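Residue numbering begins at 1 within each chain, and the chains themselves are lettered A, B, C and D in the order written.
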Amino acid sequence: MVNVGIIGAGRIGRVHVESICTQVPNAKVKLLADPFMTEETSAWAKGMGVEATTKDYKEILADPEIDAVLICSSTDTHSPISVEAIKAGKHVFCEKPIDHDVAKIQEVIDALKDSNVKYQVGFNRRFDHNFEAVQSAVAAGKVGDVHVIKVTSRDPEPPCAEYVKVSGGMFLDMTIHDFDMVRFLAGCNAEEVYVEAAVLVDPAIGEAGDVDTAVITLKMENGAIAVIDNSRKAVYGYDQRAEVFGSKGMVATANDSASTAVISNENGVTGEKPLYFFLERYMAAYAKEIKCFIKAIEEDTDTPLGVMDGLQPVLMGLAAKKSLEEHRPVKISEITM
Amino acid sequence: MVNVGIIGAGRIGRVHVESICTQVPNAKVKLLADPFMTEETSAWAKGMGVEATTKDYKEILADPEIDAVLICSSTDTHSPISVEAIKAGKHVFCEKPIDHDVAKIQEVIDALKDSNVKYQVGFNRRFDHNFEAVQSAVAAGKVGDVHVIKVTSRDPEPPCAEYVKVSGGMFLDMTIHDFDMVRFLAGCNAEEVYVEAAVLVDPAIGEAGDVDTAVITLKMENGAIAVIDNSRKAVYGYDQRAEVFGSKGMVATANDSASTAVISNENGVTGEKPLYFFLERYMAAYAKEIKCFIKAIEEDTDTPLGVMDGLQPVLMGLAAKKSLEEHRPVKISEITM
Amino acid sequence: MVNVGIIGAGRIGRVHVESICTQVPNAKVKLLADPFMTEETSAWAKGMGVEATTKDYKEILADPEIDAVLICSSTDTHSPISVEAIKAGKHVFCEKPIDHDVAKIQEVIDALKDSNVKYQVGFNRRFDHNFEAVQSAVAAGKVGDVHVIKVTSRDPEPPCAEYVKVSGGMFLDMTIHDFDMVRFLAGCNAEEVYVEAAVLVDPAIGEAGDVDTAVITLKMENGAIAVIDNSRKAVYGYDQRAEVFGSKGMVATANDSASTAVISNENGVTGEKPLYFFLERYMAAYAKEIKCFIKAIEEDTDTPLGVMDGLQPVLMGLAAKKSLEEHRPVKISEITM
Amino acid sequence: MVNVGIIGAGRIGRVHVESICTQVPNAKVKLLADPFMTEETSAWAKGMGVEATTKDYKEILADPEIDAVLICSSTDTHSPISVEAIKAGKHVFCEKPIDHDVAKIQEVIDALKDSNVKYQVGFNRRFDHNFEAVQSAVAAGKVGDVHVIKVTSRDPEPPCAEYVKVSGGMFLDMTIHDFDMVRFLAGCNAEEVYVEAAVLVDPAIGEAGDVDTAVITLKMENGAIAVIDNSRKAVYGYDQRAEVFGSKGMVATANDSASTAVISNENGVTGEKPLYFFLERYMAAYAKEIKCFIKAIEEDTDTPLGVMDGLQPVLMGLAAKKSLEEHRPVKISEITM
């Protein structure tokens, strides 16, 4: 049994509380910390099976019975708490991104060097049944050498402009998942990024200094070309697809929907929309990533997504920002560390 | 070059005129006959490339340059004109059904015995790309031994009550195609039929003595069970599907539609309806059956659908009528010849 | 919090243990009984969160703190334990079928008359996301008046002959789910049944006195015609589909599979097989039926599937057996109670 | 009746001969010219209904009875013969591309200025049922404002290196169709192009100075972003898809295949591959473009694809070449005329 402390009781923190309490029998949430912990949240957590709650995450780090922490707090705290937790000897599961600042990520990398703790980054989509199936097919050689990777990633609703301002921009906030997906499917890092982007969904996003629509082309180290298309608003729901094309064929996914029911009538043949958003689509993936983290701790193996997997998408995101600003292809190696 | 005379310039006669003139380069329509031949029809036919038109089909039978006739006249004339044409030494393509009366079909069978003419019945669906693919898969052993055959056949609009009265009833008018399809897919004849039917679409059809909705179960000679479901009205268009299930798997078809375009929006994910009706769905099949008929003449081989293939579905239809009347399973062998 | 006792720790009993422990927060398994309770099973159960285990189900009935029992024992015990449990004042969730003998079901009905207990029968497929979507569409009038209902239900592997002998036959063991589905989708009872069936999968099933392939036609009280096709062996996996056709259109489902990934290569365009069997396909449905049962207890409402819903499919199954034996359509009313 | 002369009896010339002879009743092929006209070709053409054949295309231009010419000769002759034909007062249907040299296209534009002839360029894919459906949906506002356009275009087999050398490169030979498709779907011109390309299919293509795999991003005048992905070799067949995403939804197509038959067995659920190549996929589109050309002549209206529609994709192709060479985004306006 692995004792876990969770730092952050926001949306994603609660997802992990629920996953662990209902689907990870060999882990226990011993303490849930949030500076804004309310009685309601505390009651909900205890109802789920959490042992105790606190406002101070340092209690988690100080508790000798806690083996591992999940860092689900705001992005700016990810890297410092990571370092603290590593120093406290706790295994760390850190939500993405580790940081927007490469130097801060480097501090985490440095802290890990002299430690024995497991570190996993929360790129949950790798644990989605559809993307796992694509990656497995690619890794099994079913498409041969990879030539082209296509990732479509569109949200059902744009964030508010306030959020956009602190988000680090679409590339570090939203596309970062797709950057990881491209690495996952290609089985290698990106070399270069080119961005074509626009504000087509909401002018307020443009006023906040960001874009809401983008097509991002990447040259991968293995020679494959990848392309990501992003939109902050797809009216039909969360559009999450991937296609990998190679010398021996293609593997592609469709979206998941609530049922396979299709109605045929005078208006056409109509199936259900994709599942609405990430909580609907990736609930099982959130549980699976934690199961893998716990398993890596119990079996003393590497986590499936280490700190370097947390670094690369940030480099890609920073290169994408630079490409957009300078309107030219940007090499990942240009992003100084 | 095979010279053809076409008897009947109604809907299906015109389909064959057009097919031959545009898609069967080794056949020529020398004469088109219809008792109600108008100047407009004649002009249309000549514009298509038909040499001449007449009101008297006997001119076709008398023309020594004509090798083959297509009988597209009203159902009651199919068998007598078949006999006349056979006696005149013409190859015969006869629209379905040969007759509703088994004795009349027997006269055609008898006439063919002492002749060298080719005889083909117009079960066009065997030449449809989808059903051909299903039959090919079955014949190639891809589903193993056949256990269950399912045919869905629904029209987009019911016929008028006047037509229903002279149609011979749904089983001989509409289901007869499905009876042929079941034989085509099973590769054998039916032994027994059971009908569950109702008037659910239009009470006028019931008043005309017919049904408009049916589920028909058949025991095939090879042990397989077949089931046909029919409706005279599917608001979403012409629903024509088949599924064959066996010891090694299943092969199934979907409907054809005008395009593969699918629209995703707030209401769902919507593709096009099936093609509207038989002219849209089976246009290529109509041309293909005639090509096969012409080829059988040119190469002196059997036609793909001989007179016995015309007889069996009529026996099945008559057994179905008897099953409906007597509310019990009826053996095909009960239908006296 | 509803305290539950589970009688039977076989496959389905364990499914319910797991569902309740992980997905039904407002229920607790206080006691799990099985005459063959082993230490391993007991340990597993306690690991899942079950309070205690026993070999004697009567301990469950005698425990005043237990509100409800789940009867997951062998079929022959369903009705007597139901009666006992009702008399002990426990709410009852009973696996299907209640009994193969109508008189025994009547005893349960009688026992319920003077009681206040909730009774639910385990037709789990009603809680499957796909069939729920079909039923919702039908109930919302999206297909108009129902004309034809089609249910395909094929198992991936046949049971062994030993099981077949005690199973009550395919209609009461396997088709009984489809009989319930037809009632669920039609919104009414069946009036008459006709069976066409054969032994095509495994001669040993025939030697055990049963069939393994069937097409079953039903006349429903609302005038609709239903047809079920069953096979004990579909090599491609568990085939569970439904289609409802009516005056305003059609609603149909496809199977679920492990992912939407599709591989295109020289051999074609290949997607995954359907999920293997009922544990894969209906896991969420098993949890949902129990949630509904617990909710009915907590809110003091009717269960979604009462004892009469348990009776009707048995009547349909017995009528189907009679139809097969007498080779004729059989009215449900012929099955004496 | 429009009298047509066809210049060039190669693959595409023959496609047009066949289309006109069998599917365009209001046009007649009076003369077919090819410098390498053989007796076999001549016999074939006459069998199809062509009146006469010649080795000298100037006979076509000199024939006062000929209304229109189809230029299906080698690419380098397209523009000079266009100019000659325009001066001879013939309506012109010219295969794509008009020329690789913008100055040569300008000569055609200039020649048209003082003439009354109709000019149409052979971008056949606009007449494909699937792309027509997408464009219609976009034009009808069904996806709202267009944000992202995606075109996938992959050939089943790469051309030989010899062909590659004279082809003008992949962008002017293959992608040119996709450039036109993007304009068709966006309803406007492109402003800027960025290319990421590689030699992944066949090193001989690289040695011939070309690429075989590309992802091309375009900024459209209406603000939309378009992305084309190309490969010279998709082992599963001709992959021709489009997706348009906008403020109100998405419309997307799938490939066509020979049938809808799907086989389910132990290996999965397998449908047919896409139709093999352009002759299979676009046969109906080739006929339709000629019907539209003939209609424009008969009704004295604009052709659906004028000379400026021939120019723009060439500009896009030249910009793409420059982008590849200079590894930067290139504005269409940089391509000097």
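Going forward, contacts are C-beta pairs under 8 Å (C-beta built on N, C-alpha and C of every residue); 3 or more make two chains touch, one makes a residue touch a chain.
Please read these numbers as outputs of a predicted model, since none were measured by experiment.
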State the pair with the higher C-beta contact count; candidates are B-D and A-B.
B-D
From the centre of chain C, which chain's CA centre is farthest?
D
What whole-number Å value describes the gap between the mean CA coordinates of chain B and chain C?
42
CA centroid of chain A to CA centroid of chain B, Å
58
Approximate Å spacing (C-alpha centroids) for the pair chain B, chain D
39
Counting only residues that touch at least two other chains, what does the list for chain B look like?
234-236, 239, 248-250, 264-266, 272
State the interface residues of chain A toward chain D in the complex, per the touch definition above.
145, 147-148, 150, 154, 194, 196-198, 200-201, 213-215, 217-219, 223-225, 227, 229, 231, 233-236, 239, 245, 247-250, 327-329
Could you pull out which chain D residues touch chain B in their complex?
22-23, 25, 47-48, 129-130, 132-134, 137, 142-143, 248-256, 258-266, 272
List the residues on chain B that touch chain A in their complex, please.
234-236, 239, 257, 264-274
